[in-house]
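Down below are the structures I want you to see.
After this come two complexes, each holding subunit A, first together with subunit B and then together with subunit C.
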Partner chain A sequence: MAFLLSFLGAVWKAPTGRFSLVLLALFLVAAILGPLVAPHDPMLRNYGPDHKLLRLAGPSWDHWLGTTLMGRDIASQMLHGARPALLVGGLTAFGTVAIGMNIGLVAGYFGGRTDDVLMRITDMFLGLPFLPFIIIVLSLTGRSLTTIVVAMTLVMWRSTARVIRAQVLSLREMPFVAAARITGASDLAIVYREIAPNVLPLALVNAAFALAWAIITEASIGFLGFGDPNSITWGSILYDAYASQTMYRAPWWVVPPGIAIMVLVSAVYFVGRAYEEVLNPRLRGI
Partner chain B sequence: MRVEVRGLARHYALGAGLAARLWGERPRSLRAVDGVSFDLAAGEVLGLVGESGCGKSTTGRLLVGLEEPSAGSIRMGGEDAAALRRRDRRAYHRGVQMVFQDPYGSLNPYLTIAEIVARPQVYQGHARGPDLDARVRAALEQAGLTPAGHYLGRHPHQISGGQRQRVCIARAIVLDPAVLVADEPISMLDVSIKWGIIRLLKRLVAERSISLLYITHDLATVAAICDRIAIMYLGRIVEIGPVGEVLAAPRHPYTAALVSAIPIATPGARRPAPAIRGAIPDAADIPPGCRFAPRCPRATDVCLKADPAMTGTLPWQAACHHPRPGGAA
Partner chain C sequence: MTAYVLRRLAYMAITLFAMITLMFFMFRLLPGDPTATVISPALDEGAREAMRRRFGLDQPLLTQYLAYLRNLTVLDFGLSFRTSAPAWEMIELRLVNTLLLILPSMIAAYAIGAFGGALIAWHRGGKAEASVVLFATAMQSAPLFWLSMLAILVFSILLGWFPTGHIVTPGRFPGPSWRMYLTADFLHHLALPFLVNTLYQLCFPLLLMRSTMLSTIGEDYVELARMKGLTERRVLYGHAMRNSLLPLATTLPMILGWAVAGSVVIETVFSWPGLGLLMIEAISGSDYPVVQGAFLLIAVLTILGTFVADLLYGLLDPRITYR
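And now, the complex of A and B:
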């Protein structure tokens, strides 16, 4: 908890970091409250006063961002889409760092045979093509947000593991590790109580980049039509607009999800970047 | 506690290349420590002096159990150290602690001073609580960081180098060890701070009758803290004896060369310097006979063939075929 506060404090110091944190907070509010404050049911087909379906109606007081080809309210769909975006991104980032950090810590600290086995497994995963792997997993196991998270985590932990391992390789030679060993610390205590706090900042930067990447990927999967059919995501909104071949006639349909994805990913990326700058003075351009 | 070291060795296997193996060469080994023997009594300070790469730090690491000996034995209070570690690793470490050379790398940057000094007790299985906190404070104040409360919440980067080394000493003494290894504890500190650390170590040795192995390459400070001194060259002790006598009239030509290199604070003053040629040989390729012979101004044929044994009566011994006459030998 204290660490999270110091993380936020460090990000807050940089102007871009502060701006991004505020943006992220807004997205978080939308994710939590969005479905409650949405003016319409996102799947409801809306009819005009003349009892005709409101196909591709432009933005109006009643429908802030207009309607889809099926007369559904886009603003409400957007508000419903914030939650899966952040949920999928957050869970994937968590899973990625949890697996990658542990593999990296164990491989880097113990070295030798352990390192060889773990790193060859990592190499195997590094050989997997990113999006095709996820799509195949989804088509084999069924399309749901859970399987998307699992599939993305499976192909994303690999780079975190390598980065953390490299850091641990140098940390384990530090005298403070020797000092812990000669006071009777077990290997487990050295790894998780002495070394882990030192790689946690690096892991957090990786988590931020994984979060951004996972949001983009989830949107891509939705856009390609492999998303969870039971939930409304920004990617699936784009897919619907594309499939209905009305992207040029109804820009209000495609622009909002595009911008939302871009702004959210940039905000997450800049948070990671701001923290990285605090960690690494060379990036400060001094 | 009495420490008895006999024939202690640490060899590292060097992998021979494929070509070398095809030529039938045996895999070589680097003999970092190669037959070191000494005693260390309770409340005594033994200075272990030598050039970089002579094996003095490895000797210290063998003592605290960071390395396993390839041969020889270490006895702590009459019991074999390796057996003690096998039986109860924690108890062994409780008794033998170390202060490292680098006060920057030996403190975990993400912990507070309070956590750093508390950790040894936590690793020993002590419950967190007021007792533990009290021992942390006591150790910090013993190490000269008063008032302790001023330092508890700080991180290592917020205090000076000398203060960091005092934190390292507090961490080493919080378990109340009987044996302490100090590996060049002052070499990375400012001159103004060095003497404070030396006085602190001397006081701790006197108050707690700690056996201190003081590893250094700096002969100038050795006399200030050590009772006895052991000169190491290429993995072996070449001369051991009371610090005053050895420095005043060294028997081994290598010791004489080291002593002549101590700076004198008088401008223009020079010591008669015995010629010592070349550089320290590769520890993976130790010359036959006396290890120092290729560089020694007194070397004769016998030096190149026969490895000299330690001669002289305790407490002062040297391993040389042609010891200098200075002492009472």
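And now, the complex of A and C:
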């Protein structure tokens, strides 16, 4: 908790960091309250006063962002899409860092044969083509938010593991590790009590980048038609627009989901970078 | 050096072997009978049984696996469940299309990104730097498929400058041929996906180059180069930028992976008949031999890329010794 506060405090110091945190908070509110405050049922086909289906209606007071080919309210769909984006992104980032950090810690600290085996496995995962692998896994296991998280985590932990391992390799030679060893601390205690807290900041930066990448990937999965059929996501809105072949007549259908993804992911990147600059002041270019 | 290359080659072979095995068992052990999608369940059991025999699906799993490995050594990926044509023939045709779209665009992206990033870091602290960083971050944060959709919307539909998709005007060529790639029609179709992909992919090298340069500029050797009286140009390109290229080179394998992932997306939006689109189509049709073949080929490209980048890294940095 204290660590989280220090993280937020560090990011808050930079103007871009502050702005991005506010944006992230807004998205978080949308994710929590979105489905409750959405003006319409996102799957409801809306009819106009003349009882005709509101196909591709432009933005209006009733439908802020217009309607889809099926007469569905786009603003409501957008509000429903915030939750899966943050949920899938957040869980994947957590899984990625949890696995990557542990593998990196163990491989880096113990070295030798352990390191060799773990790094060979990591290399094998590095050879897996990212999106194609996820799509194959999804087509074999079925499409749901859970399987998407698992499939993405499976191919994302690998880079975190490598980064953390490299850091641990230099940390393990530090005097404080030798000091801990002299006091009789076990290997496990050294890894998790002494070294882990020192790689946590780096892990956090990695988590931010994993979150950004997971949100984009989740949208791409939805766009390719492999998303969870039971939830409305920004990717699936764009998939519907693309599949309808009428999106070019309705920019209000195509533009908002992309803008939402772009702003959310940019905010995540800026938070990650602001924190990185606190860790490494040279990046500020002073 | 030779020992190092040999060891990397051995690792590469092991990785590939593990991946082939993983793929084979993933497809066979998971539920779903491939014959059910090819032959309607309404058809009689005899036809289905004949089909299973024809594709060797009635053999024990281990026999299937060994046969699969044996066939792979001669690039035999089996017959497509859909067309009954050899899967490799279908894949081979698509590989060229993917490479023609992705390779030139990645090279352009890295070249522009490296120089652009070095330049904005050199002229740091101004409005120009801030806006380039903001723009590049925003681009990098947008999904590639969405940028492609917007590009089609603006440049193909509204302005009419480019075709909306496909590799050549449909119906213009009876079948794929080498002559097709030498026409203006092909270049016209290539232009928009090429531009979108380049613009998108150059953001990462640009931002990375900038941050590496920012820490390089403070180094002693840059100061020394300046004190020697070298021109700013020489200091920038000959000393600061040259030393900042290293971290960029290490990201190449990762970026290659992204480029492949990106190709799946961009080929879908632009109906570009490459490997990625083939894979998506084959998955929708449960055409496993084609899916496996396309996936393995993409994986081989990724692994080869990693290998080349590893060697390149050593060449670029004389401080690295091969063990």
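To be clear about the criterion, the second predicted complex is superposed on the first by the 286 of 286 C-alpha atoms of A that agree within 3 Å, B and C clash if a C-alpha of one lies under 4 Å from a C-alpha of the other, contacts with A are read in each partner's own complex, and residues count from 1 in each chain.
Just so it is clear, a contact is a pair of C-beta atoms (placed from the backbone, for glycine too) under 8 Å apart; a residue touches a chain by one contact, two chains touch by 3 or more.
Predicted, not measured: the structure shown is a model, and the values here were computed from it.
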Give one word, clash or fit, describing how subunit B and subunit C relate on subunit A after superposing.
fit
Identify which of subunit B and subunit C touches the larger number of residues of subunit A.
C
Quick one: classify A:113 as touching subunit B (first), subunit C (second), both or neither.
neither
Using the touch definition from the top, say if A:183 reaches subunit B (first), subunit C (second), both or neither.
first
Figure out whether A:174 sits in contact with subunit B (first) or subunit C (second), or with both, or with neither.
first
Thinking of the overlay built on chain A, is A:198 touched by subunit B (first), by subunit C (second), by both, or by neither?
first
Considering only the touch criterion stated at the top, classify A:51 as touching first (subunit B), second (subunit C), both, or neither.
neither
Can you report the least C-alpha distance between subunit B and subunit C in the superposed arrangement, rounded to whole Å?
11
For the subunit C and subunit A complex, residues of the former touching the latter:
11, 14-16, 18-19, 26-27, 30, 32, 121, 124-125, 137-138, 140-147, 149-150, 152-153, 157, 211, 214-215, 217-218, 253-254, 257-258, 260-261, 264-265, 268-269, 276, 279-280, 283-284, 291, 294-295, 298-299, 302-303, 306
In the complex of these two chains, what residues of subunit A are touching subunit B?
174-176, 178-186, 189, 193-194, 197-198, 200
Contact residues on subunit B for subunit A in the complex?
61, 64-66, 89-90, 93-94, 96-98, 100-102, 105-111, 119-120, 123-124, 168, 171, 175
Would you mind writing out the residues of subunit A in touch with subunit C in their complex?
120, 123-124, 126-133, 135-137, 139-141, 159, 212, 216, 219-220, 223-225, 235, 238, 241-242, 247-248, 251, 254-255, 257-258, 261-266, 268-270, 280, 282-285
